[in-house]
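In the two assemblies presented below, chain A is common to both, partnered first by chain B and then by chain C.
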Partner chain A sequence: MKVFERLSRLDRRVIFLLVALAVIVPMVVPLNLPVDITKPVKRVYEMVESLPEGSVVLISTDYDPGSEAELYPATEAFIEHCFRRNLKIYLMGLWPAGSELGNIALNKIAQVYNKKYGEDFINIGYRPGGAVMLLSLGRNFGDVVKVDYQGIPVDSFPLGRKVKSAHDLALVMTFSAGDPGILHWIIYFHARYGVPICGATTAIMAPQQYPYLSSGQLVGLLGGLKGAAEYETLVNKRGRGLRGMDSQSIVHLLLVGFIALGNVILLYQRRRR
Partner chain B sequence: MKVILPLLIVFVCGFYMLITFFIPAKFAQSSAQMLQLWYQGVAAFFVFIGIFNLIKINVDRIQRRLKDWEYSIILLSFLGIMLGAGFIGGRDSRLFLYLFENFQVPLGATMFSLLAFFVASASFRAFRAKTPEATLLLIAAVLVMIGRIPLGYLLWHKFPDLVEWIMRVPNTAAKRGILFGIDLGLLSMALRVLLGIERSYMGGGEK
Partner chain C sequence: MINIIGTWIAALLTLAIYSFLYKDNPFYKLAENIFVGVSAGYWAVVLWFDYAWPNLFEPLFKRGQWYNIFPIFIGLLMFAPLIPRISWMVRIPLTFTMGVAMAVSITQIVQGDIFPQLQATFLPLKGIPFFEAFSNFLIICGVISTLVYFYFSKEHKGALGLGAKIGIWFMMISFGASFGYTVMARVSLFIGRVYFLLHNWLGVI
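Let's turn to the complex of A and B:
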């Protein structure tokens, strides 16, 4: 069959073009597909809902612009949920660019909810040192965090004086794209100091976190853009997560189609031999 | 002495940190805390070493006119511009934020997004049921891909539950096995480093 022979030599640029169309078209013509809610995402939401007003949540944005498309929508949705519930936010990042991305989201949403810097939220910026830094942070917050991201002493803020050790934190939420990231928080922060950990990871990292979800070391998980879209649905906010799911749906279908076609060609080639 | 001194530092600091983990006494905890703070100081220097190394490699590339040396000029120029913007106006300045949001973020996102195109090409050419194991992997991958999108839910409302089961049971079992293997390897490597058997971190382990 000539068709299969031609397809087996298909120019990769044709595949690239189809992928580009599968991404762009649903952005121009939204399908508004409904998003189902999975248990790991619901657990994050319920955890935030269960915290009393005024509790301090530490958000760690441990990613860079490469993972921004997947993790930034989740960051915004989670911050919005925290502010709605009148929780206090401590923002930091184990990756240099991550703390900047977190800062953008935090300032944007703080303005909407009229939250004050130093009282309702604080940004302590990029913290190098990975695992060792987390161990120190848990033991004595004050020794590790003396100034915020602009160099202002944290003790000069009401919220800065509130957190002295890991035990003053009600929850840690890490938006993680690799190392250092979610695993360090689970191993060095939860195991040692018992602080509940929730996470958001890229889709490719999500399967790695299931052993920790099963063991209870991780309370809940937002996996990739789908996790962000689910969280946006729960907090009733139509953001980039939900908008991106239309494109992701079509691209996934396209990939499944490519896999099927590739295997049909394989079968055909085998029979010919 | 050049070999013995680093080995001694690693041995003493490593085992001291290990021992203090089990000693709740104040002196042990505060000294461990101090060592950890020193480590953070050292870790901060990694950034400087990284920048220094980046400049050195790219200047060398430009001087020797190696392949694609023109890109090194662009990289070094933007490194200088970002550093300048950060030092002059601070991290909250309009210029720094403009450069970050309009250059660094889109460029970083573009690099990662290119993966989608290569994955699509690979799915067509490489993801094939050549063996029973490959077939199993392929079926699981297809199910997860469909179940993780809203269309999967529309096709069959139990699809997400099926995917959740795959992630929670077979995936977790396999991951646990892999994690145990990795962690046992890490433990043995840590002991080898602490005892001075593994010396490659000193640059080849020559005596």
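Let's turn to the complex of A and C:
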């Protein structure tokens, strides 16, 4: 078969081009493919829904611009859900650029819902130290968090006076791209202080979190862009997550096609030998 | 204005990086070197302003916390290997770091990881819906057979060999799931860049 011979010598740049087209075309011409809601994502949504108004949620944006594509859409969707439910938000980051990225999302959504800094949300910025920081944070929140990201004493804000220890937090939501991240929150914060933990991770990290979901140490999980798209569906917000899922689905189909075709060609070549 | 310039620089650097897919070229090399340089500079600033200055030097110089000299001295010993005569002194900060890391992590890992995970494998097989029982059975089987695979004190023959083989199957399925997620992650990153180019730079979508 001449076609198989030709395909086996195909320049890989043709594949790159096809993948690029599979991403670009659905983005320009949206297909609006349906997104199924999985149990771990639904659990995050239900957890937020179950919190009484005025509860404090600690959001930790533990990622950097390298993972922004996967985690930023989830950050926006989650913050929007919290503000709709009139929850108070403490934002921080275990990664230096994380709190900055979280701050962009927080200020953007706060404007839409007329939320005030210091009353409805506070950004306490980058908190270095990983495990040691989390252990101290749980024990003496007030002593560790004295100023916000601009150096203003948190005690000067009504929300700042509300949280003195881990027990004043109703939920921790970590957007995690690695170390320190979700595992540290589970092992060093949840295990010692009992605060429920939800997470959003990059797709690469998602499979490692399933044992913690089944053990109940993690309440719910948004895995990668797919998790963000599911959460956007639940909160009825068409953001970057849903927009990217059309491209993601088409590329996956293309890749499955390439894998099947590659195997067929390999079998054909083996038989000929 | 500054945003427009920033967007253009980011867009051109993105295209320069992707140009490597065609073939290696000077634009790619330029973008790569800029990335390495900017990362090093960024981390130098973070380490100084978020770690060294607020924790060591600011308390020492501004609040008279004189005993901060000791951690500074111990930290400087990290550079001891540069002077062969005193290179052995690097063991002091290394031992200290390892000791603290062990002390912080051992108790918490046992309490927060090993025990709860072990507990999560004690699952009921009776008195629950069939599919739940089957799922629990798979978890128990997966844990035991994978542990059997990593038992090396006896040759993997007979029942032990069968257990190890089942363990390999469980691990292979797990690696497959991880690989699938990895592909999804890489495609997501590409989608993020394409979105940036089409939305922020060109304004097409």
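The definition used in the following text is that the second predicted complex is superposed on the first by the 273 of 273 C-alpha atoms of A that agree within 3 Å, B and C clash if a C-alpha of one lies under 4 Å from a C-alpha of the other, contacts with A are read in each partner's own complex, and residues count from 1 in each chain.
The rule is short, and it goes like this: a contact is a pair of C-beta atoms (placed from the backbone, for glycine too) under 8 Å apart; a residue touches a chain by one contact, two chains touch by 3 or more.
Just so you know, these numbers come straight off a predicted model, no measurement behind them.
When both complexes are superposed on chain A, chain B and chain C occupy overlapping space and clash. Once chain A of one complex is fitted onto chain A of the other, the partner contacts of A:P52 are absent, as it touches neither chain B nor chain C. Looking at the shared chain after the overlay, A:L135 reaches both chain B and chain C. Within the superposed three-chain arrangement, the count of touched residues of chain A is higher for B, of the candidates chain B and chain C.
When the shared chain is aligned, chain B comes close enough to touch A:L261, but chain C does not. Once chain A of one complex is fitted onto chain A of the other, the partner contacts of A:M27 are limited to chain C, with no touch recorded for chain B. When the shared chain is aligned, chain B and chain C each come close enough to touch A:S214.
Once the two complexes are laid over each other on the shared chain, residue contacts for A:A191 go to chain C alone; chain B is not touched. By the document's definition of touching, of the two partners only chain B reaches A:L101; chain C does not. Shared interface residues of chain A, touching chain B in one complex and chain C in the other, are 16, 19-20, 23, 66, 68-69, 96, 128, 132, 135, 203, 206-208, 211, 214, 223-224, 226, 248, 251-252, 255. Here chain B touches chain A in the complex through residues 29, 33, 36-37, 39-40, 43-44, 46-47, 90-92, 97, 100-101, 104-109, 111-113, 116-117, 119-121, 123-130, 138, 141-142, 145-146, 148-151, 153-154, 157, 160, 164, 167-168, 171-172, 175-176, 179, going by the rule given at the top. Residues 10, 12, 15-16, 18-20, 23, 33-36, 38-39, 64-69, 96-97, 100-101, 104, 125, 127-130, 132-133, 135-136, 139-140, 143-144, 149-150, 203, 206-208, 210-211, 213-214, 223-224, 226, 245-246, 248-249, 251-256, 258-259, 261-263, 266 of chain A are the ones touching chain B in the complex. Taken in their complex, chain A has these residues touching chain C: 13, 16, 19-20, 23-24, 27-28, 66, 68-70, 96, 126, 128, 131-132, 135, 186-188, 190-192, 202-204, 206-208, 211, 214-217, 223-226, 240, 243-244, 247-248, 251-252, 255. Every residue of chain C that touches chain A in the complex is listed here, in rising order: 21-22, 46, 50-51, 104-105, 108-109, 111-113, 116-117, 119-120, 139, 174, 177-178, 181-185, 187-195, 198, 204-205.
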